[in-house]
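Same chain, two partners: chain A is paired with chain B first, then with chain C.
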Partner chain A sequence: MLKLNKRDTMLFVIVTAMVFLAPFLLNPFPQGSSMAQMFNAGYPDLMQRFVIFGILVIGFNILFGLTGYLSFGHAAFLGIGSYSAVWMFKLLSMNIIPALILSMIVAGIFSLVIGYVSLRRSGIYFSILTLAFAQMSYNLAYSVLGNPSSNYNLTNGETGLQLALNDPRVLDGAAAANGALPVTKLFGLAMRDSYNLNVGGWLFTFNVGYYVAGILMLISFYISIRIFRSPFGMMLRAVKSNQQRMNYTGLNTKPYTLAAFVISGMYAGLAGGLLSSMDPLAGAERMHWTASGEIVIMAILGGVGTLIGPIVGAGFNEYFKNILSKINDGVLHQWLSFLPDGLENFIVGILHYFVGKGWHLTLGLLFMMVIIFLPGGLVEGGQRLAKMFKRKKTDDGSDSNNTPAE
Partner chain B sequence: MGILEVKNVGKRFGGLQALGDVNLSVAENSVHAIIGPNGAGKSTLLNCLVGKLIPDTGSVMFDGQSVLGRKPFEINQMGISRVFQTPEIFGDLSVLENMLIPCFAKRDGAFHLSAFKNMLDDKEIIDRAQHMLEEMKMADKHGMNAASLSRGDKRRLEIGMCLSQEPRLLLLDEPTAGMARADTNNTIDLLKQISDERDITIAIIEHDMHVVFSLAERITVLAQGTPLVEDTPDNIKGHPKVREAYLGETQDAA
Partner chain C sequence: MDQILLQILNGLDKGSAYALIALGLTLIFGTLGVVNFAHGALFMIGAFCAVTLQRILNISTVTTDPTKTDFLGNPAKIKTPVVETWFGPEMGASIIDWSVPLAILFAIPIMAAVGFIMERGLIKHFYKRPHADQILVTFGLAIVLQEVIKAFYGANPIPTPAPEAFRGSFDFGTYLGYEANAIIYPYWRMVYFAFSAVIIAAVFAFLQFTTFGMVVRAGMADRETVGLLGINIDKRFTIMFAIAACVAGLAGVMYAPINSPNYHMGMDFLVLSFVVVVVGGMGSLPGAVLAGFMLGILEAFASMNQVKAIFPGIDQIIIYLVAIIIILTRPRGLMGRRGVMEE
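So, the complex of A and B:
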């Protein structure tokens, strides 16, 4: 199907099903229960982040996973995409299509320039160059190009770029006549519209923005599979494996790496544009180097160089970030109320540092554990489980058939 | 006029004159060996031929065109393939993929953006790669990771990869270094077969005299950056200058 081989088709079908059924899958607990408050993730905001960061990391993986070039500045393209989209909403139309197109084009141009310079070096020097470019972009956005009193206020600095009532919006300016800010939409469908489904105690939310972003993620995922299986993808893996041999096999490595860099930059631009499409507000913090670091973490967490890894990593990271930051001391006390008071207070006192505002600590520990025990990321964990399961099954099979073990 | 003409090539690294005034002519479809004691400048000369180094003086012409100033990938596209001292292959890729890459490079050139083609649909390239693997007697190993091959197999694969590009000149840098006797003999047989069956010129840098005298049609002896003599293997064997150059190093080399 779709010119994919059997395994890839299966993978794609599974991911498609998960994206479409996510509102059910992510809401396993009935509405209003304490478990729902903690562990349900089926609300539009978070689901949008799952798929948007999925797109971002899928693109990052085309660069890092295939060529091995570790870009430490990918958040810059995310931010550039965000700003471009908001400008499109301000100037042209609230329709997200021109916004997304511009996001990808502008991010593509930036990545072409940054990539051209950075790819003169490899290894750690390449990472440092991309980091420097990203921090320069961040500072440009934060202060130089964001001074509200200057004529070149492209980013509106600290406040972030947002919509205003007096924006021109050439194509649909009249929509703002009633005094309310217009909403982003795909033709007639507003991104923030949701359809709520009540079944028993459960509440399932089907959000337009989520499905738009989800479909775009599926397209991105499909393109990434095709790239992985193409001669181009093989050349990128060859770059990672042995550049010397590439050069002496008559292949120019630079355009290959640059193409990978631009493709992944455009993925990041699309993700940035989508973030702005869901909430038309772009801030410089999206370009901060910690944001770039998070992309790297998501990619490694899921499994670098694997197809599904980026999606898993992005989902895992966003989900745990969300849950861990929601747990506070009150919740901990409630959970541990069966313990004697002194012990309860003691344990809550320790756990206090790992939840709520301390979520970084837990996520960091999880990250360390993945790196140490599953260097191939969560995908490797899944593969090991599948292998164990398979072995068990074949063992059972041989027992029931009374055939000798090989 | 040989296919490869090296004229007055000199290369200096700081205070060290690595190559003095090297003149070398490699005749088409011959096997030409370059030998010499350690530090004679053999590797420097080779690096000047493939674009890794640019000589300070002189010219290097391949098939009537200068290679100086061209990048390694451009020189390769002109028809010069290089086999390294330690096999340089794509260790993370399968044996078949290793063979596919030079086939793509030969057909599609130095850069070709084919991000939406399925590699396995390209029958022409797949057939070519598989044919080459069969010729190298490695067809049964096509799914293996190249890094897990034995040393001898890695060498065969590398030579096969170079041959799949149908180069006109094959440069080999000590192809049997660090090999067991059996592997060395296999490599000699393979190279003999290649030079017999194909329209190909082979230039080989080698330490192992057994290899040199079993393969070469002409031998250039390099010492201290300058060619000492150039002659047929039989004449080189008893040449007093060659004995002299080697005696300082090993007693039994000549």
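So, the complex of A and C:
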């Protein structure tokens, strides 16, 4: 189906099903229960982030996973995409299609230029070049290009670029009479519209923005599978395993790596555009180099160079960020109330540093653990588990085709 | 002319910080071949050593003075720092006043221990892994260290004043025949520059004139041969890592009065010091120092209003621009050895 082999088709069908059924899957607990507050993730904002960061990391994986070039500046493309989309909302129309197209084009142009220059070096130098370009974009977005009194105020600096009532919006005509800011939409469907379904105690929210982003993620995922399986993807893998040998055989690898860089830059631009489409506000902090680091973290957590890894990593990162930041001391006390008081207070006192505002610490530790013990990320962890079980069951050494999803 | 002098001076203190951090970074890269993204975190930990010592010295005993009352009518509480009761009020007050320089002594063992644990506990296992893995694991470590500091010290910058004697500024201009107030330079920044010069000189002297340093240099040139000669080079490299951590930490301690320490200062300095290392040449110590001061001064010049009028925003990107040009045209950096990291 769709020119995919059997296993990829299975994978794609599973991912598709998960994307479409996410409002059910992510809301396993009935509305109002204490578990729901903590573990339910089926609200639009978070679901949108799952799929949008999924797109971003799928794109990053095409570069880092296939070619091995570690870009530490991918957040710049995300930021550039967000800014372009907001400008499109301001100038042309609140329809997200021109905004997304522009954000992909602009991010593509930037990644073409940055990639052309950066790809002249490899290894650490490539990382530092991309880092330098990203920091340049960030600094410019914050200072000159963001100074409201200067002539080139493209980014509105610290406040962030946002919509205003007196924006031209050529295609949309006059501003809304009621003085409210217009909302982003896909033709007639507003991004923030939701349909709520009440079943028993459960509340399921079907959000337009989520499904738009989700479908775009499925398309991106499909393209990424095709790239992984194409001769082009093969060439990129060859670059990763031994670029020198490729060059010695008389092959110019630059066009291939550059193409991979531009593709992943455009993915990042699309993700940025989508972020702006869901909430038309773009700030420079999206471009800071630690944001690029977070993209790398997501990719590594999931599993670099695998198909499903980026989606797993992005989902995992966002989900745990969300849960951990919600847990506070009160919740911990509630959970551990079965313990003797002294012990309870002691454990809560320790855990205090890892949850709530300290979620960064937990994710940082987790990230280090994954790099140290599981260089293939969670996907590799899953494969190892699967292998262990299989060996126990069949007890024969042939495990050549039990590598799900790469 | 006075403008130019002023900018050179302005560049010196930032350049000193860049040079010190980059010196440690390049030392680690030259000896162990590891790209340490957690080096900025070491700088930050150093700065927080100063904060910690200041807090320790300010531990007070509270006594109530029944003769005076505060505005609520309660007996007034008088805080007496413990050091003042130990050393007498005057001596105690001056110890508190000099907490930042004293923190140097406090920071050296801490930073050496942190460096030692980091190398033995984590980085040791990454020598054989690709550079990308080293970058990532040290980046993760940097996040963890940063968050630990944030958990204990909060997210706000903590003012850490310099000793009374070094507050205020020094009017250079009058000495050189310019008008008064033409070239004003804070005392502490001069101290910082002098301090960094001493540290840099000490590191170079250590490597150049001691047997230990000689072995380390030999190990940098050819680790395998030195190992075959029966020298335990790993142990020496671990000590060098601890020294590099100390250099970064001391840079942080003395930087605390210039910029109030906050938990993300390490990340802010890290990228710049990497750029400095690359410009100077990976693994080249003199290169790191030269590039540190050069880029610091260049940045100061770029932030002059006359320059900014011609190229708006140039002060924000000049360092990165220089780095990009250097990497593209001369990948081994200004003073890098031929053949080291040229690809």
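Following the convention adopted for this analysis, the second predicted complex is superposed on the first by the 390 of 406 C-alpha atoms of A that agree within 3 Å, B and C clash if a C-alpha of one lies under 4 Å from a C-alpha of the other, contacts with A are read in each partner's own complex, and residues count from 1 in each chain.
By our rule, contacts are C-beta pairs under 8 Å (C-beta built on N, C-alpha and C of every residue); 3 or more make two chains touch, one makes a residue touch a chain.
As the structure is a prediction and not an experimental result, all values here were calculated from the model.
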Query raised in the report: What is the contact status of A:I109 with respect to chain B (first) and chain C (second): first, second, both, or neither?
Result: neither
Report task. Could you tell me if A:I323 is touching chain B, chain C, both of them or neither one (first, second, both, neither)? Result -> neither
Query raised in the report: Residues of chain A touched: more by chain B or chain C?
Result: C
Query raised in the report: Between chain B (first) and chain C (second), which does A:I215 come into contact with in this model arrangement: first, second, both, or neither?
Result: neither
Query raised in the report: What is the contact status of A:H360 with respect to chain B (first) and chain C (second): first, second, both, or neither?
Result: second
Query raised in the report: Does chain B (first) or chain C (second) touch A:M136, or do both, or does neither?
Result: second
Report task. Give one of first, second, both or neither to describe whether A:M368 is in contact with chain B, with chain C, with both, or with none. Result -> second
Requested in this report: Share the list of chain A residues that count as touching for chain B in one structure and for chain C in the other.
Outcome: none
Report summary line: Contacts from chain A onto chain C in the complex sit at residues 68, 70, 72, 117, 120-125, 127-129, 131-133, 135-136, 139-140, 142-145, 150, 152, 289-290, 293, 296-297, 300, 353, 358, 360-361, 363-365, 367-368, 371-372, 375
Report summary line: As the complex stands, chain A meets chain B at residues 3, 5, 226-227, 229-235, 237-238, 240-242, 244-253, 255-256, 259, 263
Query - chain B - residues contacting chain A, complex - result: 50, 71-74, 76-77, 81-82, 84, 88-93, 97, 100-102, 104-106, 108-120, 122, 125, 161, 165
Report summary line: Touching chain A in the complex, chain C uses residues 35, 122, 125, 129, 131-133, 135-137, 139-141, 143-144, 146-148, 150-151, 267, 271, 274-275, 278, 282, 312-313, 316-317, 320-321, 323-324, 327-328, 331, 341, 343
